[in-house]
Amino acid sequence: MVDFASEQEMFDTMQEKLTAAVISDVLDSLGARQQGMRADIRPVYPGAVVVGRAYTVLTTDIFKIIDDPYRGEIEAVDSLKPNDVMVVCTNRSTRNCFWGELLSTAARARGARGIVIDGYTRDVAQITKMQFPTFATGMSMVDSAGRGMVIDHGCPVNCGDVLVNPGDIVFGDIDGVVVIPKELEKEVIPRALEKVGKENLVRNELLKGALLRDAYAKYGVL
Amino acid sequence: MVDFASEQEMFDTMQEKLTAAVISDVLDSLGARQQGMRADIRPVYPGAVVVGRAYTVLTTDIFKIIDDPYRGEIEAVDSLKPNDVMVVCTNRSTRNCFWGELLSTAARARGARGIVIDGYTRDVAQITKMQFPTFATGMSMVDSAGRGMVIDHGCPVNCGDVLVNPGDIVFGDIDGVVVIPKELEKEVIPRALEKVGKENLVRNELLKGALLRDAYAKYGVL
Amino acid sequence: MVDFASEQEMFDTMQEKLTAAVISDVLDSLGARQQGMRADIRPVYPGAVVVGRAYTVLTTDIFKIIDDPYRGEIEAVDSLKPNDVMVVCTNRSTRNCFWGELLSTAARARGARGIVIDGYTRDVAQITKMQFPTFATGMSMVDSAGRGMVIDHGCPVNCGDVLVNPGDIVFGDIDGVVVIPKELEKEVIPRALEKVGKENLVRNELLKGALLRDAYAKYGVL
Amino acid sequence: MVDFASEQEMFDTMQEKLTAAVISDVLDSLGARQQGMRADIRPVYPGAVVVGRAYTVLTTDIFKIIDDPYRGEIEAVDSLKPNDVMVVCTNRSTRNCFWGELLSTAARARGARGIVIDGYTRDVAQITKMQFPTFATGMSMVDSAGRGMVIDHGCPVNCGDVLVNPGDIVFGDIDGVVVIPKELEKEVIPRALEKVGKENLVRNELLKGALLRDAYAKYGVL
Amino acid sequence: MVDFASEQEMFDTMQEKLTAAVISDVLDSLGARQQGMRADIRPVYPGAVVVGRAYTVLTTDIFKIIDDPYRGEIEAVDSLKPNDVMVVCTNRSTRNCFWGELLSTAARARGARGIVIDGYTRDVAQITKMQFPTFATGMSMVDSAGRGMVIDHGCPVNCGDVLVNPGDIVFGDIDGVVVIPKELEKEVIPRALEKVGKENLVRNELLKGALLRDAYAKYGVL
Amino acid sequence: MVDFASEQEMFDTMQEKLTAAVISDVLDSLGARQQGMRADIRPVYPGAVVVGRAYTVLTTDIFKIIDDPYRGEIEAVDSLKPNDVMVVCTNRSTRNCFWGELLSTAARARGARGIVIDGYTRDVAQITKMQFPTFATGMSMVDSAGRGMVIDHGCPVNCGDVLVNPGDIVFGDIDGVVVIPKELEKEVIPRALEKVGKENLVRNELLKGALLRDAYAKYGVL
């Protein structure tokens, strides 16, 4: 039904036309009902929207400063490719802070479209100025050396209670972050674009004063 | 002391002149000291203020898709009357999402002034554009079908640890949501309007450099 | 290395040039690795930055209205001196609300530069209008009478899991609040100003497309 | 209906014949529906049962070692009278530990029947050996000096989310702790003794194989 | 491999020979890796072991006393059949208490083997005396009237973060509760009985002083 | 003051004569006031007492089954030496389960005296039968393969909010687990043995009916 000249164009279209809510509804209709991340993973600045292919990273808390403390983090960032979104599992650390401005600058230089962290970021003022879409559970000013370590990247991770595989599509906006498993993307994207249209019809009906039950009976969309 | 031509005028005046803090202080002075909701029920956009009569809804989490999954939700929204504020207890669900843009559009078409949810909403970008005052514990992109069900409406509910009865007045601003029990509204509203005036006097005194103890001794207001 | 004409000038320079993240990195390098407060102590309005000398306050929840209920609070506020930042431990109360607009007005009249509360504030709309830098764990509209009591001030307190002594320097921005122990300030401030410069060099390198590993190898800063 | 020769006899009878569940049901029937403490206040040894008059204590966390650090604790314990149960609000401290073996020994020497703490105890092995009924949210081996301080005693306190006034009756068993407000005790105790009898009839019916609906229809007790 | 004369015999054998850990390992080996309930669902007395077919119940918190408040509960209990284990989702209520002694008596009279509640029970002293295997998140003395309501029974429920369908086998011991989906029971039970044997061999090897790596290399079981 | 023929004898004496509370009090008196672990690390069977030298292990959650999934765990257990106590940081996992019966058997065969886990164990019935002192935050029946991985051993770890270094002494009883830093053990152990004696004197005084204030004034011990 829909065709895109490139991944870039596909993600740009999705970013412009879709919402996390519409994508989630389509995933529901296909039986993929556990794809929305926990509600405490939030955009760090108003208006942030992210969409792209997951590049996954797994970290853990540590309690001494290891040799070459940033090696894993640097490797992971330097591995990013155009249209990637970094998806980071910190195993719910409230002690480490994984991300910051310089890492955002480096990630963008590789073509990455944003980052989703089940954990903290810092340098939020500068990230906001750069408008590098960053979703996180919170902010903290601490550095990762002696606090966290990258265990693996490009592996399955749990982020916000959703299992994310490298190559899955992640979409985040003000309502939160939803994950489209790679094998469903061909079905999800065209259906989502179509559903957006129907919702416009219902909205118009309601704006004219229709009862919800009549608008829903007519269009079957809520 | 004060008299209003209509409920509409009363709520408009309250929205313009009062704050949740002043109302809470007056409720305290009348011995109604448990009327402020838990601090995690927040406005979903900056500047949201809501005031009106509670129309209560009670929901629960469910784990299968029932027939006619939106029936209760539709009934509740279509039951709203002018100046109502929907007050929703989801029994603290972090899995369901009760509210969204089309429901906001329908609720406004019935004359409702806003919604307070002990639970999640979605479509926050569009709700912000509409400026439909929405207070919630968080945001999530998921639909309610197969996740939650309306059990009852127009019944007593617990919302943010306050027992709310249909017809109580709810007032929410950036400091949170406070509930005026129906039987106290005649006393609370005029006293609150009066207290606002006194605070202006104290503020002026302090701006001129008075010590807090002297300003408080003079006006008895903090 | 750096010299300031006055405390006022020192704090103004810090506020203009430094960030919580840079200060935290320098503290780390000196072995003071537990100086960042818990991530749920947040600025209550966008852009709030605070820096100054800690004036500490300790409160507890109570369950009756005591005589002269605001005495401790008034005493503490009237004790503030120019360049102070009030640092309040409420023992993690979610029932009391320590701060508000009139107290902010009084504190500013004494020369205080802001407040950091491990607890709640109210009157956030007015505090935002005043631009009085306020960091808190949340907002609630309730008054403190019959809910909380000042136990002591000018004593060691735990705020956001950091032990703060009167006279320590606190610095808060969007990334959170960090504490510089009094005995380290001579070392921390010049080093932090210096580190800011280095980060600019790395950023430029990355903006030109350098790999992170090369930029880090060259400057040793991340 | 029932009459007791002394408080001692009344409490002994209650301890032998009643349960927290039966007392809670009777309180419910009188409209006092918020009298059961939070479920994390537990007996520290199997079989502990406590009943007596509340002697209340309020503590708070502190962060320095004060002069005469145990003064308040000693005063409170030395104030206990026969048939008292100490009821302690620590404002939910997870850092201090209020109680221990020597305090239990001293309390028993004054005639106290036990203690209920919204907070921690230590010396649980010895307290078990003494069989001094102790209910707490947990155990920790730390001393209170420099960690907590008694603010007041003989005052209203919140313990396990129930407001307890000095002189109220508290009853704790394996199902938790319930509070009988002083003004209701005359009604509650005889009704509770009576309800115990009815439950025996229902149990017998069910043991003979009756359906629950029939047994409930016959006796109106569940 | 194994054959049983009856369900009764199958469950009796499982109860005697298996553990939750062995069953979980076999489920893991079949790719069913989310079958262990959350660790806060615990046996209420030492030594409780439960196994049987799930009969599911779904409840929600309510805030008024409804007509015929126990109807749903009574219906659910009277529907139990021999070898059933009631599995109850209270939507994580900490305010209601679903279960008690008389219900246990009635359930046993219908042939039920026990109950697993994601929520509270009461009458734990009597339930212990009866030795009716009860697993719950805690204990509370309150009655359910005006606090909770049965929404449905015999429906899919979430219990301890596991989706349980009526007819699934549940097995609980001191290590927690695990669920065998109906469609896997034919494979799981014989394999589990077999694995128990192998563990005995490893244990013997280790008791003789073997290094863990040698014992594991030899038997492939840990 | 005290001298021991061997580590074995020292630990046996400590186990027989000391308590976690007495050790914590002596650590307090030396200024080491953060040595008591979080109260949710509990003995898994009644009467468990552990004392020995910490052998530390650090694990993290993972989300795929790695090759040789038990390698790190086996290595760590096979590294144990006589009088060791394994101290495990799982980074607060509620999804993995680190320990079990066969590992306990292997650890005891190496001479280990017990284990303290900031995380879960399984096989608690068998561990109880073996009387292998095990302290954990909970119990779960799941295996570690595909859920957790050993990152390092013999490194500093955080366990129950205390930083533990290999070689520190850990002591756990019903009141919880306390850590004696290696460099303080020479001072702590004799002082603790001495304090036990003084407490006996106070107890006797109190048993004879002395007021707490008089007993405390006389002996300075509480």
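For clarity, chains are labelled A, B, C, D, E and F in written order, and residue numbers in each chain start from 1.
Just so we're on the same page, contacts are C-beta pairs under 8 Å (C-beta built on N, C-alpha and C of every residue); 3 or more make two chains touch, one makes a residue touch a chain.
Since the structure is predicted, the reported quantities are computational estimates derived from the model, not experimental observations.
Of the chain pairs listed in B-E, A-F or A-B, the one whose interface repeats that of B-C (more than half of its contact pairs identical by residue number) is A-B. A count of contacting C-beta pairs for C-D and for A-B identifies A-B as the more extensively joined pair.
Centres computed as Cα averages put chain E at a distance of 31 Å from chain F.
Our note on geometry: chain B versus chain D, Cα centroid distance of 37 Å, whole angstroms. Mean C-alpha position of chain C lies 50 Å from that of chain E.
Not a single residue position of chain E touches two or more of the other chains. If touching chains are joined by edges, the resulting network of the protein chains shown has some other shape, matching none of path, cycle, star or complete graph. Contact between chains, as defined at the top, is found for A-B, A-C, A-F, B-C, B-E, C-D, D-E, D-F, E-F. Residues of chain F that touch chain D in their complex: 19-21, 23-25, 28, 33, 36, 38-40, 42, 173-176, 178, 199, 202-203, 206-207, 209-213, 215-216, 221-222. Contact residues on chain A toward chain C in their complex (touch as defined above): 70, 73-75, 77-78, 94, 100-103, 105-106, 109, 120, 122-125, 138-143, 145-146.
Chain B makes touch with chain E in their complex at residues 58, 60-64, 89, 91-93, 149, 151-152, 155-158, 163.
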